[in-house]
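Questions regarding the structure given below will be posed in turn.
In order of appearance the chains are A, B and C, and numbering begins at 1 in each one.
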């Protein structure tokens, strides 16, 4: 009986997955189509013949090797900083009561509402004043303080029993030790989640690089991709090809980190 | 579990220093984040606020005009019509996203063959840039050249105006939204579900509780912090939604799917009226902040019950 | 957990490694580009010569970026103390990039712009550098003058290429339906005749649709001028959007949709007309000469360019891209020199020929294109037959203030929400207000 239910569930999942994947599969297949196939009517799913010409054209258009390196540097560094800063802040907001804690929380959340475009010019002025113009650090530092991350971690940490922390304090542990040795390990699932998100956000960042970077040698992947979109013409072949290529690292990161969701969590203290 | 705490008790003088350290600690923890946040978001936001009191096109010198922009905001029907459309979009998409992502998360956080594979499948759409999402969905739903209508035509059914009829356009956008955001919230839910100790479920089963009962009495209440997070984030995201609509319908037909943030961008950048756009952003921000505060108060800080 | 700390320390080490690499990189590059330091000249790292760096913000539609890079290399060889940094940005992000750079105190030396009115006050006045301003401006087509020469005779930009709206058609489908296209300008269709011809191509040639039209006010206005209307009076003192001719033009546009000759999915659904035309199921595309380099790669059907229909008069609509320098860059002289080079007969001619564009220079009217020579002649002919109102309308800085609203208005008429007359009456009032506000 149970295995029949399992099987049913499995089948439903497969169907859902196929429906979900259908547009994505189309994108991937289309990147292998030549120009005639791309614009065909009736629309086609499979390429009439697989070709790598889109990938070749796209790679030849610019220094994609450099753009990849830049994107990786920015993404990894920013993610590490973000995990550190956000978890510290989330911990403070979840497990301490201090003056201004609600103000900070609401402040963080409210600013999620500010459309970046409206404050773009002042942001540029700030970046310029700090000497971060045209520097990759200008892409790394500002987004490392994302409110979403703090909020995410705070909510997660709320479930950790205060008694655990009190016990540690009784035993003489300092606050930093509590953070580093208790909180961080326990927060592995949410930190994995945040790592995945941060990787995705920084990898797909467009507006920041557009504002901050002027030297083509410092372009990130997304900035380079946008150049396939002209005023009247869109180089669909190259755009599709490069989009597929840029999806790979983020997907890889996801596959690696999603295992950590499984890793054990807080038990109510009865088990070891 | 990690156990590096020392045994033994501390003398009282160290306890008071400990207390002081404990009082200062939160400020130190919050500091790096707060610093970056203040410099790169708060300071520019204050500038943005200043713009809202001026006539400014981003290039030529500002001219202060006091509250004129704000009066304009409250007397521009187009803004409120866009806002109304946003509200409609939020009210429909948020519950849909919540239910769907929770359902998938529930299924995929149990023991199941190919879990990793399925999670990746549902997460993948979130990785795709909005331009490609727009292109893909247009390929499927385009009135004259989309595959949906082609298939319907083969089945002898009349083609549907997926993107040119206001009602269908809105529907298509909601479907595209759920498709591209489900994975994101699914991941958050999975992490949250993992936080619930297994022993609660075991105890419940021992007591003879059904799966449904376990869900309503254990899962949902203990999931509250995550639920609050998901709802708040998705509401804010839905109000801010812009790149997806732009790529899919361009805000059309006409202005039917022009939601509030797209409208603000048009004012700020097509019409070059950055002052008015800032004022609109401020009004929007106040409304959303208000909603967030209410949400937090209602859920008592968003903690687990 | 142990694995966690291992992972963390690995990540930190990796970050440090990257960080050092990155620092090294940025230190090197900041030596190279000197535009964001107080002195315009870059600190000479190892070169004995001081190189002046010019940031050139650019957008491409097809291959013109590559062509420009070639020209810049040529220029750098002749002028070894100049280094030009081509900053490629997507067309849609041009204004954002320029605005943030200028307002943030780091203006680029020059940029390729399509709209000269936005950066009117920040543009470099080239008059001191070009010798006799009248002679200089006289090298370029007269219709473009109002775009880049201000009322007080300042030259704020120089034309780089000129575009013309025109009619591209699917030869294969037309042949199949046995429909002939006009072979000379005196034999052009009227719009009614053209619609009938398209219907025939649909019936006999199997085309799904007769005509696709770019979703742009600029392209739509072609019809307006052909019907004898215009957006404003030639002197720009009053709006003329609700004249009988204008209403007739819009009504005809709606008719083409209602009759099923044009798909509603372009103007109402955001479908891309390029894609539709390329699928080979549409008989014609009302676009312009910029499509030639894109359509060059079509191999599943034959296509060509023919003359636009007329109603009261023939008309195309001019467009242009410009090179604009900016103030306060401290490299104004070098910028002006570069602009003069790029707009000279040879350089400009090469640029136009290789990118498949039309040159704005009078002495480059007949270029030796490797592809589509006859097509360019048609476009040039269309431009020559364009009434003054078209150039006057689109070179005015007011056009940008209302063209988006006009587009939305047309969409509303198409979706049946309002009538042509009602919408145009309303728009006319709006435009008159804008005119009086900007006197």
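Remarks
Quick note on the criterion: a residue touches a chain if its C-beta (ideal position, glycine included) is under 8 Å from a C-beta of that chain, and two chains touch if they have at least 3 such contacts.
Computed from a prediction, not measured in an experiment: that's the story for all the values here.
A centroid comparison over C-alpha atoms places C as the chain most distant from chain A.
The two chains most heavily joined by C-beta contacts are A-B.
With centres taken as mean Cα positions, chain C sits 35 Å from chain A.
Centroid to centroid, with C-alpha atoms defining each point, chain A and chain B lie 14 Å apart. Each of the following residues of chain B touches two or more other chains: 2, 58, 145, 269.
Residue positions of chain C with contacts to 2 or more other chains are 1, 96, 99, 103, 208, 272, 275, 279.
Residues of chain A in contact with at least two other chains: 41, 117, 121, 125, 127, 185, 229, 236.
Taken together, the chain C residues at the contact with chain A in this complex read 1, 4, 11-12, 14-15, 18-19, 21-22, 25-26, 29-30, 32-33, 35-36, 55, 59-62, 65, 85-93, 96-97, 99-101, 103-106, 108, 114, 208, 214, 272, 274-275, 278-281, 287, 290-291, 293-294, 297-300.
Contacts from chain C toward chain B in the complex involve residues 1, 95-96, 99, 102-103, 118-119, 121-122, 208-209, 215, 263-265, 268-272, 275-276, 279, 400-401, 404, 408, 411-412, 415, 417.
Residues 1-2, 4-10, 18, 21-23, 25-27, 29-30, 32-37, 39-45, 47-48, 51, 58, 107, 109, 112-113, 116, 118-129, 131-133, 135-137, 139-140, 145-147, 150, 179, 184, 187-188, 190-192, 194-200, 222, 225-226, 228-229, 232-233, 236, 239-240, 242, 261, 264-265, 268-269, 274, 277-278, 281, 284-285, 288-289, 292-293, 296, 302-304 of chain B touch chain A in their complex. Within the complex formed with chain C, the residues of chain B that make contact are 2, 58-60, 138, 142-145, 161-164, 169, 248-250, 252-255, 266, 269-272.
Put simply, chain A touches chain B in their complex at residues 6, 9-10, 13, 17, 20-21, 23-24, 26-27, 41-43, 84-86, 88-89, 91-93, 96, 98, 101, 104-115, 117-119, 121-123, 125-127, 130, 141-142, 144-145, 147-148, 150-152, 155-156, 158-159, 167-177, 179, 181-182, 185, 189-190, 192-193, 196-197, 200, 204, 222, 225, 229, 236, 239-240, 243, 247, 250-251, 254-255, 258-259, 261-262, 265-268, 270-272.
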